[in-house]
């Protein structure tokens, strides 16, 4: 039996007494695309922060390919193969798109970088400083920065937000492709149900900082608790 | 005729700006007077001023600039530190420097060089002048309040020595940075120390600040306050009544009764109506008198020639005839002690005791070896 | 779809700046000829001081450019260069050669160690911290009179030869000018190469968004400290040169007003180009000289000029030049 | 009365031109949608309204008044509130203070702190935390609440559904329609065609800084969408 | 000892009055206003001139008003046009202003050191703990405390206070909410400059006037602003008092290193809390 690509045990996080994440367990197999959904404020971004070390864990363990990385700094976790994008775009505004992709790919020239640029439709604006590109482009750049380091596990926080529907679907294809071809494990936080149900192998639902449900898209789609707490008519 | 070109690196801004502008005024006055009389042996007098902010480092750069521009006769930096910074380079620039307010003994001792001269009274002279006054005082315990620069440190040392020699005790030494705003704590420390007398070596804005705050805190009433360069003509003008009764060293006073001085004061009052020359203006004027006579004697406006002519000669000045001593390039002159009182309807330092040149200017320091 | 090959060429190669480098070479060469073109000792001496100032400003400006940090305390490293050189010499503590080497190394080293701590702190707080460090050292050299006479400063006498080199050369305006000019050029080229290197790009990225840099897998504290050390090293070199040339050290070398004017010069020159601050320093220095000679109201004239220049050219002289060139080329 | 009209407006960021001759008009009670791919200039329309992008040629009229020089506050004072893309919550202020700031123009109307809290109960719960400590979706709610606090005549929504859970989007769609029924006009910029369909009655499609197609919602065929917005 | 502590409060109070303006302007514009020390100095001189004509209290009013008006101009002519520029560019302009103001004062009032007489009402001393303490110094402490309390309340409670804090954090968004940020900013800068003027005239009877008097107080007020937590009034208040006290006690106990204390304190505090005593993470 193979080890899960990433595993979280009893992950918790409080903000000044407020329990944003409350003892969540999570196990994601290699090459799986896992959707994380839940109402606003359910603790999805917090989960990402705890996994990547952006927010200190208060209790709980993070294992990457079986190795305990709970004590590592974000930088070290990234080097160990854990990359992420951000819900609030988080790019290098002063650098050109090409420069930051090159940096994130840790290469002097862009070999695998090009592929990512082209795949995300950023190639034409590669020479422009990120400060001058539109919001949607910045979101894609954010994703590109996470992708280009060829991570084993990729955490994406609402990558489709702000993209046109066509683009969301294109991105969904890209993610699926990544998972297949490079065995990248993807954790996807997303409110776009078309994307989530379209590409996720399994879905985890958070609510009020706790695990509400977990299962295949079909199971989740029909789970009444999930419908009332989250999906509404989208189900 | 080649002009006599004088460079004045002096403090035109900062804590000592007030002193710098006095130096400047006196030099301008002397130069105008000489030019009106057709120059020195026909040499027109030209003066350039540059601001040193009383900072040694800047003084050095400004002096170099003046010298390289051809103003090789340098006069009138304010702080001793400035003179000490300039001294080692005079030979390189082929320039000379005449001190008019720099009092540190080092200038005519360890740091003396053939191209540097002093016309004003050094610390040792002030100490010799203060000693007899101190002897007659009943205050047994003293505090020193001095600027934290070469001069202030020198004064504290020489006052300490004189006081001990008279059987008095220095119970506290305060050194304040140039440009101190609030002296309240120093004043309170002096009060706490129980000192009956305070010897002050502050000048310019520091002096005014300290005097005002000392007055407000009642220190001027509860202790005897006296000092050097402290209650000068200008500080008295600034502080007003608070200065009344404060005693101190007076290096020059416009009230001195000799014909040369009377003529000088009269001419000054005509040139700058409503003012009388201050102590620093008088001392600086002496430098110009000495310089002009040396130029005449040298028959040249070249710094090298003037520097050669300067030592050993006796000069007619507003303090009487004074000799430029060969051993240490120090002008040998009298010194005075006095008190601030109303004189001619105006509050000002008034001379109470004169010390003749021979006693006032102590023997040359063996540390100076220029006359070899 | 764009083919990968063309993409690499267009997207990643920066535009070649051939005209710029040719211009730089011309300026460099012309500068060397100056002493032989009959420049007066006064002019050369002023130039030496201007270049030393330019080097200090270069250090300050480089920190702004590469780290985005505004130092109010770079005089610390300038002065440190001077004191580490001068104090051991005056007290006979170290062989002169060792003192020289130490003076070149200590400022950068101190900056690196300090930098590990203080460059973590953002924005104005960093400026204030750098100011605090510098002023603390300033107070030490001011108050500990046994070091170098406190406020009065101290003359430094050098042995006649150092490393077999005649020290007189370092005090003669003509030869010192050439030495300083060459060193400044070397510093500028070195820094420029740094900015073009991958490490340089990394420091820019950290400047832009430190958190994201960590999340793409980079350590961010050491690069910041390294840039700080580099810029301090340049300031320290300037201090060493100043001490050789003037033969004098005083606390003013560490005072915040010097840090301040270095910053002013750097900003006037514009920090976007590596050479901007140096240009700003030289222009400012001579402007101040000329105005200072012309009128006693030089502070007002300088002040007004500063205001006008900044309002008209917020990107500094180098930014202005770049714009002129761009317009010419367009 | 037209609350807002653009007449052949060119807009710039510095020297870079983004909008080219954009014309549109929104009258009282109207619900207008603005669609287009990423980077075509939708947000720039809003930015021009708020003096963030500079208007070159062309005229902007707000609340019946021509606006020759647009300041940041012009739109708000003319009764036009914006829910900006990216939310722009003020970090130094608490949730409650962010809402109060929205009421800076102090227009009378139904929206009060209490009513916003009723609409988004979570904001009430967390009213004393710093605004930016909220989750992404909660911040979006805050931005909407803030805009409502001004009781605007025209509410401009730049991708308001971004980051919101589907249930909330459903709820919002209802709120928007209700708002319009109560007389508030809407300009809705969206990628999600479902929300557009549920809310607006008129649409404009942008491409490369220009409006390339307009009409009543009924004329917005899937074909057109495929071609112009790539849905 | 009590006297030493009171003296600490006096200097701290003065620092606070100067720092208020810096806090306001920094908080609002993120600009380090180098000209602030010279505004303080100018306040003292304007006060000097007005005192000579119509007495000390007229001087207080004149200094405050004239400087407030100057603040308006400053905002209009400098801060507003430069608001989108890098803060160091603005810093440079304020540095230029400093040079101009100092030169102006030097030209008008000369280089001689001037003094302002105390108002009769406040001259004289009070016996405190068996020592004489000048009444005027107590007055300075009271003024600083009063102003500090008033301002803090105003900012915390009033609507304008809300706008000011919002502006400080994100001027653009604040503007788009319908706040006339230009007026807010003008008012705040005027207020800050007015306080500098007030501090200047209040300091007049304590310190000798000179064109350079703004220099050292500027640096110390910077320290107050930083230690207190950028843009925080209550923080600045505490910081000013602490620095006043420490520096004073420093002169009493370790005179040679007293001037170092504020800097060391600032270092320690910033390393411990990079945003200052009361700083909140954004």
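All chains are identified by letter, namely A, B, C, D and E, in their written order; residue positions are counted from 1 within each chain.
Going forward, a residue touches a chain if its C-beta (ideal position, glycine included) is under 8 Å from a C-beta of that chain, and two chains touch if they have at least 3 such contacts.
Here's who's who by UniProt: A, D = ABC transporter ATP-binding protein; C, E = Branched-chain amino acid ABC transporter permease.
Predicted model only: the values in this text are computed from it and were never measured.
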Give me the chains shared as neighbours by chain C and chain D. A, E
Measuring between Cα centroids, what's the chain most distant from chain C? D
Pair exhibiting more inter-chain C-beta contacts, A-D or D-E: A-D
Cα-centroid distance, chain B relative to chain C, in whole angstrom: 39
Mind checking the centre-to-centre distance between chain B and chain D? Centres are C-alpha means, answer in whole Å. 76
Chain centres from averaged Cα atoms put chain B and chain E apart, in whole Å, by 37
How many angstrom lie between the CA centroids of chain C and chain E, rounded to a whole number? 32
List, in ascending order, every residue of chain B touching at least 2 other chains. 12-13, 177
Which positions in chain D touch two or more other chains at once? none
Send over the residues of chain C in touch with two or more other chains. 143, 299
Touching pairs of chains, all of them, please. A-C, A-D, B-C, B-E, C-E, D-E
Quick check on the complex: what are the chain E residues that touch chain D? 162-163, 165-166, 168-170, 172-182, 280, 282
For a test of understanding, state which residues of chain D touch chain E in their complex under the given definition. 50-52, 71-73, 75-77, 82, 84, 88, 90-93, 97, 100-102, 104-105, 130, 132, 146, 150
Within their complex, state which residues of chain A touch chain D. 15, 18, 37-42, 44-46, 87-89, 132-137, 158, 161-167, 191, 193, 229-234
In the complex, the residues of chain E that touch chain C are 26, 30, 32, 34, 78, 81-82, 85-86, 88-89, 91-93, 95-100, 102-104, 107, 219, 222-223, 226, 230, 256-257, 259-260, 263-264, 266-267, 270-271, 274-276
Per the touch rule above, chain D residues touching chain A in the complex are 13, 16, 37-39, 43, 85-86, 122, 129, 133-138, 140-141, 159, 162-171, 191-193, 229-231
